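Note that chain A is present in both complexes that follow, paired respectively with chain B and with chain C.
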Partner chain A sequence: MADVSKLTPGQKVLLQGNEAIARGALEAGVSLAAAYPGNPSSEILQTLADSAHSAGIYVEWSTNEKVALESAAAASYAGLRGMASMKQNGVNVAQDFICNLTISGIKGGLVLVTCDDPSGVSSTNEQDARFIARVACLPLLEPATPAECLSMMKLAFELSEEIGNLVVLRGLARLSHTRAGVTPGPLPEAKPRPHWDPNERWFTIPVVPKHQVMLDKLAQAGKILTAAGVNYYDGPVRPELLVIASGSSRLYADEARRLVGANERVGILHMGATWPLDQELILEHLARAEKILFAEEVDPHLESGVKSIYAQQVRELGLKDFYGQETGHKPPIGELSPSRVAGALADILGLPWQETDPSYLEKAKAAQALVAPRQVGFCPGCPHRASYWSMKQVLAADGREGIVSGDIGCYTMGVLPTGYQRVNAVHCMGSGPGIASGLGKLRGQGLEQPVISVVGDSTFFHAALPALVNARWNNSDYVLVVLDNSATAMTGFQPHPGTGATAMGQAGTVVDVEQVCAGLGLPYAVVDPYDLEATQEALYDALQIGGGLRVLIFRRTCALVQGKQGGHPWRMSVDPELCRGEDCGCNRFCTRVFRCPGLVFDAATGKATVDEVVCVGCGVCAQICPAGAIQARPKEATA
Partner chain B sequence: MKTLKIDPLDIVVTGVGGQGNVLASQVLGRALLTAGYEVTVGETYGLSQRGGSVTSQVRVSSGPVLGPMMPDHRATAIVSLEPLEALRLLGAYGHPGVVVLTNDRPLRPLGVLAGEQSYPETDELKATLEGLCGRLYWLPATAAALELGNHILANVVLLGALCGLDLLPIDASEVEAALGEMFPETKMAPNREALAKGLALVREV
Partner chain C sequence: MVPPAASPDLQPTGLERLLAEVINPGLCVACGACLGLCPHLIFLDGQVAAPDACGLSSGRCYAFCPVAQRGGSGESQGPIGPVLGAWQGRATAKDLQGRVQYGGVVSELLALALEQSLVREAVVTAAGLRGSPQGVRVTERAGVLGAAGSVYAGGGALSRLNQALAEDSGHPLALVGLPCQVAALQAMKASPEHPQAAQRIHLVIGLFCTMNLPWRGLRGLLARHGVQAPIGRADFPPPPAGIFQVWSNGAYHELPLEDVRALSYPGCAGCPDLTSEGADLSVGACEGKPGWNTILARTNAGAGLLELAAEKGLLELRPADPASMEHLTQAASAKRKRAAAASEEHPNG
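Right after this comes the complex of A and B.
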């Protein structure tokens, strides 16, 4: 990412939402920023890390989101400004700390950024993390544009410091990855020196009076946010339809009313601050419209909040028609879009609305029959393909219907065809070894199936450790396979404890997976998953041993990282004389079963070929071809 | 703010993860912002390097800031690094007048490679695209890029081609300047050649 501390104040530049959040934090004088990588939030911390030296701040990839927020809170107690950024799942990880922090309070401005992922484009769920604002009574800001990402970050720090509590800024995947014009402001001249006054103490007891203080802070935040003007109305004085919207949905609503030609009939109440809700403002606008539509993603946060405010004043306001999730005008699942909002507006206002000529739509829809879905899968050369190939072979040979408990990372795609659908369950970071731990204790009740838990090297440190200690302690019977590709590959190759590098590019201390295993008293072995024979032998043997938890580390650097480090050694080719193709024997074993995108079946000749643009030359497929037709030659020799 | 002939000007840039469409849309966005327009570039990625479809939306206006997602079936142009992806996107953003520029080189989805699904014959794919757009530019962008020494330059070839049409309010030199902000001068020579090649491709059509 770019060093955003070098931007020229006053000069408009194209910035990604996540970069604008980072710049906003720098302008607010953040001193410590921490995060665990997770799309769509990852670029925030990466941008801050790449700006850290010139901005003179400390930036860290932490082992998980809870630790990240705790580190940021430390800065706050030392009188500095801190922040933690995460994806929606991370809020769950940090939640226990958040729900106590909000009672104990904070000193220096402290901001939590959550980047939610409606439609789950790069997530295992599409959870709406705004719940945390209600649960923990925290002020919540929702920007709609990169420019607002910057300005609202500054506001969030000011607000946090003024009320003495954490403030949440919620982004969305679309916003995180949207680039638009942003005009940076100045950076602060100097920051205070960190010092924790020993007379200041931060804890939650006595709980009840401090609970009241927490509520008072939220009320105070409401007043500050009203004065800040982040909620505003745009439209006719008495609109026929009022849209109450937040986040990107504000822009969709604005575009939708132009699309259906209803600029004079539709007003939009832009909610930049969505907790606490500005009751006075909402009542004022409810009084001026008879119909109200909600536009937000994903949960009906505004919808339920506004209806609750309405319920208190229903006598004064009279009957209103509300449209939203409950009426089907806002989908309960997935993203919103300008077209979906336009459809809702047209329906409510009785306007004609068509996206384009209906005969075109019919034709375009029919043509989609030609378009095969493009399922995601492991990259050419990915060590995970080789790892799952070995697990598939070994579990088949073992014959006891072995179970693979999955986890979070690129290797989650073990549930898909390029992982041979070998993974039986995936939930959240670290839940794989936990589920395996429970399964491995069902032996006494007759469970005979072998159990494998797969976990990536970064996930190993994030949340797997407590489950491993549990399994060790209780003598649970399973094999932990650490898919160690020496990177947090899914989210953009961030370093982690096992690599020893840090966010700011300095040498940290390598926390060695083997040493951790040895420390826990776990037997372990290291294999290279590219070597199918050795891997399969080690895995088969480990499954037969039984007893307690034992560990296999499948170690091979991510194929993309290998590509950047000089690439793979092999030039692959198929000998057409040897390839059996469809005619006899293997029934396209390499393309049909092994499924590397570097291998293409040429229907014209009935033989497999190598796509030279796609193949990286890992050499694994040469080991699976039953006819020995796929051949690996050193690149140098053939160049 | 400058005025636009087509306002909003909505360009979809699509392809398969790893083909460089996010970079192409970013270059376009920078060039248009520098030229004084309001620009929003919406990117969809996350699994982008893992064989999935990746789409960016470059939205240009002279007025209000636009959201990251364009309305369905209203794209001005679809620029595709892979021909099947162009057809996929027409199902979401196409209309009778849309301009389609596509690379002619197929990247077969995994299901096709595994023999479970089929990929249309070139003639059928081309004819279907033609029937669903106002103008089709079927361009050998990967072949042109390989002539320059690297298949990854196909994205810049297509940017050059886009500059050769009458759609953008900027020309190739402005796109080149934006590329220059993102690449060191040592890497600019092939980028310049790729832009020129793209321009030449549409002039031949």
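Right after this comes the complex of A and C.
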């Protein structure tokens, strides 16, 4: 990412939403930023890391989101400004801390950025993390543009410091990765030296009085936010239809009213601060419109909040028509879009609306025919493909209907055909070993199936450790397979404790998976998943042993990282004389069953062939060919 | 290669049917006939499995499976099949004593066939990883002796034979196998899809089959009796002993016969063949004469090899006495009847 500390104040530049959040934090004088990577939030911390040296701040990838926020809170208690950024799932990880922090309070400005992922494009869920504002009584800001990302970050820090509590800024996938013009402001001249006044103590008791303090802080925040002008109205004085919108949906609503030609009939109440809701402003605008539509992603946060305010004043306001999730005008699932909002506007206002021009659909169909169908899958040479291949083979040979408890990372795709659908369950970070731990204790009641838990190296440190300790402590019977590709690959190759690298590029201390296992008293072995025979022997033997938790570390660097480090050693080819094609004895085993994208079946010759553009030369497929037709030769020898 | 034709009833005759009729109901006897032909069927630690669908409606795996193909011809020759000559014999070499199952006849005959270049390679069963029996390919006497002795567990040895047949080589091969493996071999030899089998398999030494056990179950039973794999040799002494004898790491153990019998492959119940009727030579125990084998020469090739071994002084041979042949015939007949009863109960069992 770019070093955003070097931007020239007053000079407009194109910035991604996530970069603008980072720049906003720098302008607000943040001193410590921490995060655990997760799309769509990852670029925030990487931008700050790449700006850290010139900005003189500390930036770290933490082991998980809770630790990240706790580290940031430490800066706050030392009188500095801190922040933690995460994706929506991370808010759940940090929630326990948040719900206590909001009672104990903070000193230096402290901001939590959550980047939500409606439609779950790069997530296991599409959770709306705004719940945390209600649960923990925290002020919530929702920018719609990169420029607002910057300005609202500054506001968030000021607000946080003023009320003495954490402030939440919610981004969305589209905003995180959209680029737009942003005019940076100046960076602070100097920042205070960290010091924790020993007379200052931060804890939650006595709970009831402090609970009241927390509520008072929220009320105070409401007044500050009203004064800040982040909520504003745009449209006719008495609109036929009032759209109350937040985040990217504000832009969608604006575009939608143009699309249906209703600029003069529709007004938009832009809600930049969505908790606490500005009751006065909302009542003022409810009084001027008979029909109200909500535009927001994903949950009906505004919808329920506004209806609650309306219910208190219904005698004065009279009857209104509300449109939103309850009426089907805002989908309860998935991302919103300008055309979805336009469809709602047209329906409510009785306007014609065709979502897509039929001629465009025709062209799209024609274009689609030109593109080869693709499934989401592991990269060519990905060690996870080899790992799942071995698990599939071994569990079939084992014959006891073994279960694989999955986890979060690229290897989550073990639920898909690319991983031979070998994974039976995936939930959140670290839940794989937890579920396995429970399964492994059902032996006494007759569970005979072997249990494997797969966990990536980054996830191992993030949230797997408590489950492993639990399994060790309670003598749960399962095999933990650490799919160690030496990277947090799915989110962009961020370092983690096992790599020893740090966000700011300085050497950290390598936390060794083997040493952790040894420390827990767990038997472990390391195998290279590219070596199918050795991997399968080790896994089969591990499954037969039984009796407690034992660990296999499948260690092979991510194929993409290997590519950057000089590439794989082999040049692969198929000998057409040996390839059996579709006959009994093969039936396209490599392209139909193994299915690495580097192998293709040539229907004209009835033989498999290597796509040299795609194949990286990992050599694994040569081990599965029954005829020895797939051959690996050293690249140097064939160059 | 043209896949084998579908059966007249138009049912598929491939992996899917093999799974439905044999593997999934637990009737596989681990002979290995379906293995080594393709990558879809795998064998690990004594068990056959198919991790993925093969996608073809017909295949050699089903055509060669002795359990799937049971109930055909070949049982009209009487309970012990065709016999040119019946003998009792034992090897004279000292290096065989203590290593072989009974009289060492199989090891000696096979070693002789290799030495005489009647065959250049043989597939036998020996203990592999985790003590699990598996097919091994041997080319000389030392290799033969390395595989001597029986553990009564299925080892999928035909996998190695299929592997050898798939290689671009024409040398003659021998097999030492159980009745199920000998039956599968006959199906292979008769198959137009597998011409190498008829061309290259020149010698088949069949064993009398007392019991064939799944290795994993046997290993578990042994472990419960404190016997650690690998086991060197095992035996069922004749009734009324009621025990299974095991020699392992120099120690001798006895296991209750009933516990062992309970383990046996359900698929063996329908097998009508005690003595490997389709072999060139069949060899087994000689009841009442420890250290001796009963030998049935069934083909001219088998009889010739036996004659050569006797001429060279490698084997001491005597004509089988009528009483023991009568006993063997009764046992074989009883197996036929049990198989017929089991087949009525389950067509492939």
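Rule of thumb we're sticking to: the second predicted complex is superposed on the first by the 618 of 639 C-alpha atoms of A that agree within 3 Å, B and C clash if a C-alpha of one lies under 4 Å from a C-alpha of the other, contacts with A are read in each partner's own complex, and residues count from 1 in each chain.
FYI, a residue touches a chain if its C-beta (ideal position, glycine included) is under 8 Å from a C-beta of that chain, and two chains touch if they have at least 3 such contacts.
Nothing here was measured: the structure is a model prediction, and the numbers come from that model.
**Q** Who does A:Ile624 touch here: chain B (first), chain C (second), both, or neither?
**A** Second partner only, chain C.
**Q** Once chain A of both complexes is superposed, is A:Glu537 in touch with chain B (first), chain C (second), both, or neither?
**A** second
**Q** For A:Leu370 in the superposed arrangement: first (chain B), second (chain C), both or neither?
**A** Only chain B; A:Leu370 stays clear of chain C.
**Q** Who wins on chain A residues touched, chain B or chain C?
**A** B
**Q** In the superposed arrangement, which partner chain does A:Ala396 touch: chain B (first), chain C (second), both, or neither?
**A** second
**Q** According to the stated criteria, A:Cys586 is in contact with first (chain B), second (chain C), both, or neither; which is it?
**A** In the superposition, A:Cys586 contacts chain C only.
**Q** Taking the superposition as given, does A:Asn89 touch the first partner, chain B, the second, chain C, both, or neither?
**A** neither
**Q** Residue overlap on chain A between the chain B contact set and the chain C contact set?
**A** Residues 588, 592 of chain A touch both chain B and chain C.
**Q** Show me the residue ranges of chain B that touch chain A in the complex, using the header's touch definition.
**A** The touching residues are 16-18, 26, 29-30, 33, 38-47, 49-53, 64-74, 84-85, 87-88, 90-91, 94-96, 107-115, 117-120, 124-125, 128, 131-132, 142, 151.
**Q** Note which residues of chain A are touching chain C in the complex, please.
**A** Checking each residue of chain A against chain C gives 392-399, 420, 536-537, 540-541, 544, 580, 583-589, 592-593, 624-626.
**Q** In the complex of these two chains, what residues of chain A are touching chain B?
**A** Where chain A meets chain B, its residues are 12-14, 39-40, 117, 121-123, 144-145, 147, 173-175, 177-181, 248, 251-252, 254-256, 259, 335, 337-339, 342, 355-357, 360-361, 363-365, 367-368, 370-379, 410, 413, 417-418, 560, 588, 591-592, 595, 597, 599-601, 613-614.
**Q** Quick one: which bits of chain C touch chain A in the complex? Just the residue numbers, please.
**A** 1, 3-4, 14, 37-40, 42-45, 47, 49-52, 54-56, 58-60, 129-130, 193
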